[in-house]
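One structure, as structure tokens, below. Some questions next.
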Amino acid sequence: MAKIAILGATGYTALELLKILARHPEAEVTALTTRQENRPHISEIHPSLYGMFDLTCENLTPEEVSTRAEIVFCALPHTASMEAVPQLLDAGCRVIDLSADYRLTDPGVYEAWYGHVHTDPTRLRSAVYGLPEVYFNRIPGASLVANPGCYTSTSIIALAPLVSAGLIEPDGIIIDAKSGVSGAGRTPKLGTLFSECNESVSPYSIGNHRHTPEIEQVLSDLGGKSVEVAFNPHLMPMDRGILCSIYPRLRNSATIDELLNIYRRFYVDQPFVRIIDHMPATKHVAHTNFCDITVRFNRNQLVVFAAIDNLIKGASGVAVQNMNILLGLDQRTGLLN
Amino acid sequence: MAKIAILGATGYTALELLKILARHPEAEVTALTTRQENRPHISEIHPSLYGMFDLTCENLTPEEVSTRAEIVFCALPHTASMEAVPQLLDAGCRVIDLSADYRLTDPGVYEAWYGHVHTDPTRLRSAVYGLPEVYFNRIPGASLVANPGCYTSTSIIALAPLVSAGLIEPDGIIIDAKSGVSGAGRTPKLGTLFSECNESVSPYSIGNHRHTPEIEQVLSDLGGKSVEVAFNPHLMPMDRGILCSIYPRLRNSATIDELLNIYRRFYVDQPFVRIIDHMPATKHVAHTNFCDITVRFNRNQLVVFAAIDNLIKGASGVAVQNMNILLGLDQRTGLLN
Amino acid sequence: MAKIAILGATGYTALELLKILARHPEAEVTALTTRQENRPHISEIHPSLYGMFDLTCENLTPEEVSTRAEIVFCALPHTASMEAVPQLLDAGCRVIDLSADYRLTDPGVYEAWYGHVHTDPTRLRSAVYGLPEVYFNRIPGASLVANPGCYTSTSIIALAPLVSAGLIEPDGIIIDAKSGVSGAGRTPKLGTLFSECNESVSPYSIGNHRHTPEIEQVLSDLGGKSVEVAFNPHLMPMDRGILCSIYPRLRNSATIDELLNIYRRFYVDQPFVRIIDHMPATKHVAHTNFCDITVRFNRNQLVVFAAIDNLIKGASGVAVQNMNILLGLDQRTGLLN
Amino acid sequence: MAKIAILGATGYTALELLKILARHPEAEVTALTTRQENRPHISEIHPSLYGMFDLTCENLTPEEVSTRAEIVFCALPHTASMEAVPQLLDAGCRVIDLSADYRLTDPGVYEAWYGHVHTDPTRLRSAVYGLPEVYFNRIPGASLVANPGCYTSTSIIALAPLVSAGLIEPDGIIIDAKSGVSGAGRTPKLGTLFSECNESVSPYSIGNHRHTPEIEQVLSDLGGKSVEVAFNPHLMPMDRGILCSIYPRLRNSATIDELLNIYRRFYVDQPFVRIIDHMPATKHVAHTNFCDITVRFNRNQLVVFAAIDNLIKGASGVAVQNMNILLGLDQRTGLLN
């Protein structure tokens, strides 16, 4: 049984991590942290966990955490992560960081998009980007895994087979992304109130959403040349789920069957990617670690559709998938069987 | 007071028509029809109208309707409309047809997309496409107004200023459209059950949605050359609202301010088009006849966002707007003041 | 045209007031206030109002407001109202207060339930409780109208005919109330985030909801003896609407028809109360000022069902209804025709 | 590995059964049935199961089913169940029937509430009511388990400790129940369309809901005297979840702590009942087999609140719980660990 800690236990990704870990046969949660000083029981923070964990949320230092856990999920806000992670690594923990702090390899890009100087540029470069569907082989030996963003995972998994094979133009890729509200986190804000989001669909962060450089970094790496996307997120009136409708330009003609086969071959060993013939729907992947993908032509325009659960495959599910790989377990452990 | 009939009173568009007409100072509803033989009171069909109309839904012939009304809203399914409309016109009524039967000027295009031979091709050519924002001058003298589709209105209003000025390439226009469920009508179907749609986003009818030729017909007319769109509708978990996110290719560079000014000038006389600086949201136009539009650049990609209420501006509101024009009233009567 | 001001223009009740007043033929909004100092345009606060009002929200004193308006809607939080209202009244305005500050006639009861000493007990006693369905005659000459709470209106309208006629036991009346989330206001709080409320139903404030003494005060007045209710509110995953399912004990046997007739007679002159035979649904009254009521027996237990839109009949609609009465207009002006 | 069949695989309860069984370590699904003749793959019926089961839905006779499975979940409509179950039992299968056909011990009561003569009255009497929280000891040796209704389970679990101890009056128990829409099944009907249910709360089947006699039968058995409830169901705009707010009359005074302790002792061995201090919410039990319960006083009125997921604890979860008991497994297998 691997001993597991979660830093920042009050948000939705921590809640989903705990729900998954409650069923996991090889993991035991031994520490939860919060900045609150009153040591709330975890079921006071997340009433759905009542009776499932006998753990309080403590204001622990990274050093204290390291004495209790070998693997640490860091579910802190960005900038807070890069303060805690170095101490955790120095103390010998392996870290899966769910923040954005270690996802971008270039500290200049981080600063440009997040508005902060990166204080740990060395480890930034050595962190492994934890998307097993494309970087599986890099993960087993990693000490620091940067868990990908939710929009990022969906977009990359949807485009990786085409980009890797050089089948599409590397620029002008339009991503029209639709997400449920849980992606915006649990901190009360006007924009995520029920009475503001419900019965409404709206675009936001057009041209400046922080998942953009992350998508481009990985796709550029896979394609061997600079990839540029126009990423357009929209808020949907639902709890969870992301659908990306992606409009790339094919370089040569191909049929739907040829394209689906390229996808099937690319993901032949990936248990969580389902290449489907029917239309995806976020409900079909809700509460699972699956990513459903299909392609269509609309007139001459290729369209790739990909759907995930933003809290599972987009955050906590892939984090456990990464944990499984770090522990040498089957990727599916606790997620699919 | 104009005497008004509604053919096909059981659906959502009829319900919205009745709610608007209940407040309209110059219209009196005098007949409602249904194929049901039991003459249900309108408030049995639509309980929200209880106490507002003392009308039963009758199985009337077009001739019978024509003796009671001068203007007829035809809210029948397609193919049923083109059976009723000729008789209504022959009997002297003016007709606003909410079905698709008189929207496409070419009967061959109608047959190709709807799978039926058009049985009234002569009137098909003389019908006026009832989108006042682009064809205002054609409507006042019309005897038959083809009320536009919901996605169609949104897409055309969003693109008309650019297409009319020749600012964008006429082909490869990507429309990523998101609609609430009421657009699918009130006939029980698996796909529109609450438990299927709720908490889900999914694409549908990719490449074969029947609003496609309608959008292209009007934009081609406005642009003076053949316009081609890749129209991609998505179902959203909400009652009402459409947001179109449109990705055209600009022919020459322009700034956002220049583009917004082009839109403002184009719609200077249109009380229901709001050119906004902030992001549109379907909630901001819900239960109104407004269409909110803005534009952005994402990298080099122009994006046009347009939002309407699919049941109002997308169906019953624009139908009353057309009625106002036929009656020589201010367009806004009963809709905005 | 009556000149109208709204104090506290940023919340949902102010938004709904403005939507109603935009259509009202006898009212002109001349001032809006906020504590924000940056003078935001009203459409920056409420984007749905874009283009409808050319008004900024100003940090005005009550005296300044009084120079611009004859009727003032006070949509401030409780305790803030009882600071502003005396000054408005002294300056000659007539005030419709949407807060709870002037609803309870006994300052001791106010202090017990709101935790604050009432600083304006004199006016507390002279304020008129603005529920036209039961106190119509008191309102025309009032200078200060205390606009009722949303749960309160629903409960009182549902019970007034029975209590007034002495048909039910005055104690042990169980009210199981279900409300949409907008009733909780527009201030960001964890409990009203979309991701907390959506897909969830839960009870709250059992035994201590502040609408309890308000319901009891009015029903006791109508019944001529002390009435006691067990009021149990529940939060529903929807924007707007209240359904109260009320379980009183009949003192003598009666049939459903007899009871419905008692209701119909009681409300014969009230245009917004609809006594129905079918089951009410909040959707049937959404965006209207109606209150739909029916009664049933379940075994021997009488059940009264009543539905309203909490933002309209439960707040802003009844406020305009009160304004109409103050101005000597038909109650329905701007609300129903 | 126990071999499992599901009769009637197209509905929501079958879908949830399959999701649970996919994770279950001791069960293998070997047959699925439908009346459709085209042998659809299960993932065509339920796209969320894509890749998880390699099974088609076949139009099998009970005899054919019995050669493939030792335990059969019967998810057929009522009356269809009592045709299939006798044949399954005769062929040696053990049956967990999710319909209502074997829940009521008295065939006359069945006929009165369901409008059909019961055609298998002998087995009706020998079937075991499959609510482990009250009848655990009867289940292990059963050949036919009648799986309880969703409202029924919630109501019985909420009241069993009070009724068993004789703490409340046996009549006049008011149950105000709120359910998500999935409880109404997957057959397309006007009343369960998204556009009808969304943004709406409404009561239905007041006085004639078929779960009433089921609740009374079990509570009467537990209390040793006839129990009578006024059961009032309401439809909520959400997928899943039931909250029952129950208003019984205490026979003697008691404190909340005393009552909570009675509940805790009653359910000390039941892993799926959580006696909580905070307010329950359907979201806290969604996608789990838990039933959360608390009690409060409102004035002098006792209120019991209980929440479940209607598809899990209210149907498919308790069905698997029953299967576990039949197989001699820990109740929690596949459900909680």
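Going in written order, the chains are labelled A, B, C and D, and every chain counts its residues from 1.
Note that in this section contacts are C-beta pairs under 8 Å (C-beta built on N, C-alpha and C of every residue); 3 or more make two chains touch, one makes a residue touch a chain.
Note that this is a predicted model, so its numbers are computed, not measured.
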item	value
Duplicate of the A-B contact set - from B-D, C-D or B-C, the pair where over half of the pairs recur	C-D
Higher-contact pair (C-beta pairs counted), A-D versus A-C	A-C
Inter-chain centre distance, chain C versus chain D - centres from mean C-alpha coordinates, in Å	40
Distance from chain D to chain A - Cα centre to Cα centre, in angstrom	36
Where chain A and chain C are represented by their mean Cα positions, the distance between them in whole Å	45
Of all residues in chain D, the ones touching two or more other chains	180, 196, 198-199, 237-239, 281, 283-284, 286
Of chain C, residues touching chain A in the complex	12, 180-182, 184, 186, 188-190, 192-199, 237-239
Touching residues (chain side chain A, partner chain D) in the complex	22-23, 47-48, 50-51, 199, 274, 276, 278, 281, 283-288, 290, 292, 337
Chain B to chain A touching residues, read off their complex	172, 174, 176, 178, 180, 196, 198-204, 206-207, 228-232, 234, 236-241, 243, 245, 247, 279-284, 286, 296-301, 303, 305, 307
